[in-house]
Amino acid sequence: MTADAAVVVENAEKWFGLNPALANVSLRVHPGEFVALLGRNGAGKSTLLRVVARLVKPNRGRVRIWGVDVARDPERGRERIGLVAHQTYLYPGLTARENLRLHARLHRLEGAGERVAAALTEAGLNLSADRPVRGFSRGMQQRLAIARATLHGPELVLLDEPFTGLDLEAAELLSERLRQWAAAGRTIVMATHNLEQGLEGVTRWVLLDRGRIVTEWTGDSTAVRSRYRQFLKGAPPGAQGRRT
Amino acid sequence: MKFWSQTAAILMKDLLTEYRTKDVLTSMLLFGLLVILMFNFAFEPDSEEIRKFGPGLLWMTFIFAGLLGMNRSFAAETENDTLEGLMLSPVKWSSIYLGKMLANLLFLLLAQAIILCLFSILFNYGIWPRIGWMAAITFLGTLGFASVGTLLAAVAANTRMSEVMLPVLMVPLVLPVILSVVLATAANFAQPPEEPVMFFWMQRLAAYDIIFVILPLMTFDYVLEK
Amino acid sequence: MKGLQKHLGLVALLAMMAALYAIFVLAPVELTMGVVQKIFYFHVSSAWVGFLAIYLVCFCSLRFLRNRDRQWDIRAAAAAEVGAVFLTLNLVSGPIWAKPVWGIWWTWDARLTTTFVLWLIYMGYLMLRRLVDSPEQRARLSAVVSIFGAVNALVVYMANRWWRTQHPQPVIAGGEDSGLHPDMLLALLVTVLAFTLLFFCLWKMGCDLERTRDSVESLRRTAQRHLREVR
């Protein structure tokens, strides 16, 4: 019954002592959906993504990716995931090609050489493919980071505040990629608090506050934008009575 | 098969990085030379004293140089958060551990070989007739040292003062290894060599190695988790 | 059981007084060492508690890694703190006793070395806890280190025994275990019991203290959030 969903999070909880990071979060993402996770810093967006990728072990609850329980078989879950974060995950001492090759070997990709070459061309890094990443500009590094995260053709792309620290050019490229992925039917879950960029294809908006899913919206970004602003300005649920 | 090819990928990555920069080996060797230099001026040893203190001194050098080198292994992964990148790939996390442990083991053995040669030349210390056994002892000792060290380097990399934290955690925990390896080395280089004593301590070393390789493999996932 | 927990402090106090009586009144003065031998009872008891504690730390840490309950982390941390204090007592009382009896403060005998190494492991564990910023990570990392520490305490002890059996024993002969006077043995057992009770009492207090710290921190956060919202 759940095999048709791309991601199923059931009652996930993560806490330590009296500090809840996620409180009873359930989320179901269908294949081809583009879900945006909204919320303040520390609302639990990043933790939720990391629970899905099984970097964080939840205290309670289950996560399945196309029916695979990630607690039982995290490697098979991660095979289908690509995570784009604001960190680049690149080794500065290795060249662009070597970085991609390492990723290909860890994913045990067939025809790694051609795939790496194709990814380098697509990222526009052909000329600098054999230079160490340390000398790359911020924009080049970001392009390479995106190429790296999606080299293995993940069906599920997770993005964690991907626009943080990007220059204009790199941000445009990322938006373009997001459109392509959405059009290609990939499942996308993006945590963001930036309401200006990369939101064209979003099909569903999930609002988190203090580790809980507060509400969900569907619809296009202009309407959501104003509602989200209102949420940010207004007191969070439960504290309204105290405002004068 | 999958596990080993991924482990090899991580090992090769570390070797390639080191081949480019040579940071770890250079710092370990320079440190080793400094210790030899200080030893010479602090004690002005004659050949009898060299024979007596040589094994202990060698291992002190190996251990402190090794601590210096192993500290880098996870500290180097913090730039751009590359460790999380590794954790996100479909590998068993223990293969990350094993790849890095083998890289550390190779760096340490290489540095030790060079330091041993220098020591032998500078102090006219006759190691060559017994070099085969010395290699075996060094391998056993360094295996235990590197396997605990790699795990603790991952622990220390998450603290505010990793350079201090690693030795403080490490030295008491690998003390059995240090003790056995020094005594085995001393028996090996004694005049005449005391082989039964040497074998006794080599057996102990092998036993510690089993404990100290299994324990990190069992606990490493807990260290990485976010 | 519940009553014992509640009045643990009182019980420990009574046991401590019984121990003092047994040591200074009941047990005879040792012939060759004289009155300084009385340290022996405190010395052995604190060593026992110090070694007991590292295994309790390890046990709590294993439980923590299984169920990620902060309570087990608190228990591990408190046990380590109290255990370290007792082991320090042991290391301090040892030389005070050794100097008049053996003529030296310290010797690298198997037991002394093991205790010293265990003390260093405690210090490493406690230092690690101070130097990790995220509470969750602190709990996990220190749990792993405590497992190594507990296994190691055993291994170091064995290693030292082999090491010392390779050589003739230095200054210390036979040891005090040979032919202990029955009253002395009784005094020792009572003291060990009293120290163990004292340990559990302090352990419980340490846990309570840490729990209080947690709730203060949580209250502080709530207060801050409300303040922000009111503004």
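Quick notes on this one:
The chains carry the letters A, B and C, assigned in the order they are written, with residues numbered from 1 in each.
Everything that follows uses one rule, which is that contacts are C-beta pairs under 8 Å (C-beta built on N, C-alpha and C of every residue); 3 or more make two chains touch, one makes a residue touch a chain.
Not measured: the values here are computed from a predicted model.
If you sketch which chains touch which, every chain touches every other chain without exception.
Contact tally for B-C versus A-C: the pair with more C-beta pairs in contact is B-C.
Using mean Cα coordinates as chain centres, the one most removed from chain B is A. Remark: chain A and chain B have CA centroids separated by 39 Å (rounded to whole angstrom). Note: centroid distance chain B to chain C, computed from Cα atoms, is 32 Å.
Per-chain Cα centroids separate chain A from chain C by 47 Å.
Those residues of chain B in touch with two or more other chains are numbered 225.
Among all residues of chain A, those that touch two or more other chains are 57. Contact residues on chain A toward chain C in their complex (touch as defined above): 16-19, 57, 59, 235-236, 239, 242-243.
Put simply, chain C touches chain B in their complex at residues 65, 117-118, 120-121, 123-124, 127-128, 131-133, 137, 140-141, 143-145, 147-149, 151-152, 155-156, 158-160, 162-163, 166. Taken together, the chain B residues at the contact with chain C in this complex read 148, 151-152, 155, 158-161, 165, 168-169, 171-173, 175-176, 179-180, 183, 197, 200, 204, 208, 211, 215, 219, 222-223, 225. Considering their complex, residues 68, 70, 135-136, 139, 214-215, 217-218, 226, 229-230 of chain C touch chain A.
Residue ranges on chain A touching chain B, taken from their complex, read 50, 53, 55-57, 75-76, 78-79, 81, 83, 85, 87-94, 98, 102-103, 105-108, 132, 148.
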